[in-house]
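Two complexes, one shared chain (chain A), two partners (chain B, chain C).
And now, the complex of A and B:
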């Protein structure tokens, strides 16, 4: 019994790592631009396909593939910001308009991937073969790398936003655009940067997930929904809150699958999301207004 | 001595309504000017337009000989024209020192970051004490100090201050007034917006009365009006 529970906890933490990478990307765009990017899952998928193309089709190896997937998604993110988000800055209905334009970006990316890469399932090899024992539970070495890499990337991004001028400028723009402009920060550049960084996180997640699950044009939909649940659960205030919520949701999901099965798990997760929205609309880590 | 800032026949506003209706003001090298007049007549809009946050519909703005009428805010800061806006909380979640360090963002200010930080802390020791606090926890006076401090971190060649003492206690007002005097005597040219003309007459060489989006009167410190005349400027002749 304890062994099953331990195994469940470990798989929950693996899930949580993925959700943390995804959700922190959503959170970066939300806190900087006040836009909810529905194309975030599709950017993850795009990163996975680019990684596959470079790693498998071109035969350059997985590390090059992961780098290319991250960079490719970042580039796509900047293009989406330029073409589908920037024209609506200052629009009174910006939030609503960008819901539609980023949904459009999601559809374009998904259908585009279907045309370019076809409907056949693809998969990436693992970074390292073999297994690692964690708390007596055997997990693949690839998942173990994910466990270490996700917090490392998140800590690096957190340090970036706290210590560097560029990172600080992203936070400043999110808190007060006019004040940021008045101390010489280029607000549109900061927006593009936030979108690029967020998309890079999505692309990295996709490239890593492509070794665990199949790469399909619609593979981003489910992680996007989970990332949404995470940011609602944790609140969109800070990277730390988002990351913490991601691990909690990952573990809850793994436990639910163990106790209730795959069928009822999404139902309970959404129920949880509704309960949080009703009683703690700013998330469990967010302050009350 | 050349002309540092020249604003000519400027029209600007929000949507279809012009707040500025052909305003012209200028500042020569070596002088400080003040803007006063009733609320809602365009003083803040004028500063926002000069800073590039509001787009003018016509007219020209020249700074240091360069046309900046349609320049973006970062370009204007890079040129040295800096604003400390009114009642500004800046970045509520950021710490005071972090905010000041970030304000040396432009290329012109980056190299002088540490010097300017020392200068700001010398001017406002309270900001140094509060260095690790988040900006949203500051009092009104401290926020005003942060706003002016951040503007100084931009290494201004001309500093525009929008009602730096608005809503402050007399004691704090005195403290800020002293600091503003020090900034001016350090050689930073100032444009100060204020309701309090006595305060302005101490800080500025020349004043403009702004009404209905125009500079309707220019007052020299040499022939400054007395209290009764000032009241008249604001409220019109008694019994008229």
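And now, the complex of A and C:
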């Protein structure tokens, strides 16, 4: 019994790492621009395909592929910001309009990937083969890397937003655009940077996930929905709350799969999300506005 | 164009044209496209009631449609209810679903409304997938009983019966929408959208109007879902997916939010446009990209929709 529970906990933490990487990207864009990016999952998928093209089709190896996937997604993110988000700043319905334009971006990326890369399933090799034992539970070495990398990346982003001027400018723009502009921060650059950073996180997640799951044009939909549950659960406000919520949701999901089975798990997760939204719209860790 | 011409004469001329279409168009494929377009027109114009007229960021509108589809499918096939009653029951359960979702939506604001309504549609889809012994799961339900009047099957004479049934449903739905938006209640919805605080200070209960508008927008969407299930004789969980959602959303946006006829015109135009694009080789997937780009362009160039552009081009419409 303890063994099953431990195995469940470990798989929950692996899921949580994945969700933390995805959800923190959503959170960065939300806190800086006040935009909820529906194309985030599609950017993840785009990163996975770029990684596959560089690593497998061009034969340059997986590390080059992961770098290219991250950079490619970041570039796509900046393009989306420039073309689909920036024209609507100051619009009375900006929130709704950008939900629609990013939804359109999602369709363009998904259908575009299907046309470019075809419907055949693709997969990346693992970074390292072999298994690692964690708390007596064997997981693949690739998953172990994900387990270490996710918190490292999150801490790096957190230090970036606290210690560097560029990082601080992102937070300043998120808090008050006009004041930020007055003290000399280039607001459009900060917006593009936030979008690029968020998309880079999505691309990195995609490139890492491409070794565990199959790469398909619609592979981003499920992680996007999970990341949505995470940001709602943790509140859209802060990076720390988002990361904490990601691990909690990962563990809850693993436990639900153990107790209720695969079919009921998503249903219960969505129910939980609606309950949280109704009683604590700012998330479990969020304060009151 | 005077308002009378625009709001009464033009729609009546369009209706008259649609009534004589079957006399001209006799192949069942083109008629099938018209029937699908009628169904989408009902979805889009009723969605516009909550999204456009009242400003509720409801992203779960297709849930009401899906609930209608599955209610009619289960009623007609599993319970053996007459297909006519099954279609009607789709509207009832859709309204009930709207009531359930409206309770949290009435209290929330902004992005949270988008998220909770979207989550609700995912919840409904997961429920359909998990209850496979009732709903058929991912494979869906097939061979649902078809529509008959006496001994006359609606599929006969190249789908003639379905064509007129779909057109009748769209006409009743449109009359219903006109009645709602013209009523004092409809004016209060616009007030809630444009000036929430002022509306509240004048004694309009914002939460109550939001709950009511969601329920009203669900009724005919549910009927359309029931009609869809009975007409196509299948029910599949795809109706809850991103694809259907974005197609219906593009109809609302391109047609013009807050107008009654815009989404209907856009639904007819887009159904035929996407089908003809699908006929071009290599465009089966690219047509969705074309629609997405059109959606973005409309949002950038003409936030009022394509009918809004027409209004601006015809100076007499300006008052």
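Annotations for the structure displayed:
Note that the second predicted complex is superposed on the first by the 288 of 289 C-alpha atoms of A that agree within 3 Å, B and C clash if a C-alpha of one lies under 4 Å from a C-alpha of the other, contacts with A are read in each partner's own complex, and residues count from 1 in each chain.
Operating definition for what follows: a residue touches a chain if its C-beta (ideal position, glycine included) is under 8 Å from a C-beta of that chain, and two chains touch if they have at least 3 such contacts.
Small disclaimer: the values here were computed from a predicted structure and weren't measured.
Once chain A is used to superpose the two complexes, chain B occupies space next to chain C without a clash. Of the two partner chains, neither chain B nor chain C is touched by A:58. In the overlay built on the shared chain, the residue A:95 is in contact with chain C alone; chain B does not reach it.
In the overlay built on the shared chain, the residue A:155 is in contact with neither chain B nor chain C.
With both complexes placed on chain A, chain A has more residues touched by C than by the other of chain B and chain C. Judged by the touch definition given at the top, the superposed model places A:128 against neither chain B nor chain C. Shared-chain residue A:185: touches chain B; no touch with chain C. Remark: in the superposition on chain A the angle formed at chain A by the CA centres of chain B and chain C amounts to 90 degrees, rounded in steps of 10. Contacts of A:103 after superposition on the shared chain: chain C is touched, whereas chain B is not. In this overlay, which is a superposition and not a single complex, chain B and chain C have their closest Cα atoms 17 Å apart. For chain B in complex with chain A, the residues that touch the partner chain are 51-53, 72-74, 77-78, 82-83, 85, 88-94, 98-99, 101-103, 105-106, 109, 150-151, 153-154. Those residues of chain A that touch chain C in the shared complex are 30, 36, 83-84, 87-88, 95-97, 99-101, 103-108, 111-112, 114-115, 221, 225, 228-229, 232, 236, 263-264, 266-267, 270-271, 273-274, 277-278, 281.
Within the complex formed with chain A, the chain C residues making contact are 57, 59, 103-104, 107-112, 114-116, 118-120, 122-123, 126-127, 129-130, 242, 246, 249, 253, 285-286, 288-289, 291-293, 295-296, 299-300, 303.
Across the complex, chain A meets chain B through its residues 162, 165, 168-169, 171-172, 175-176, 178-187.
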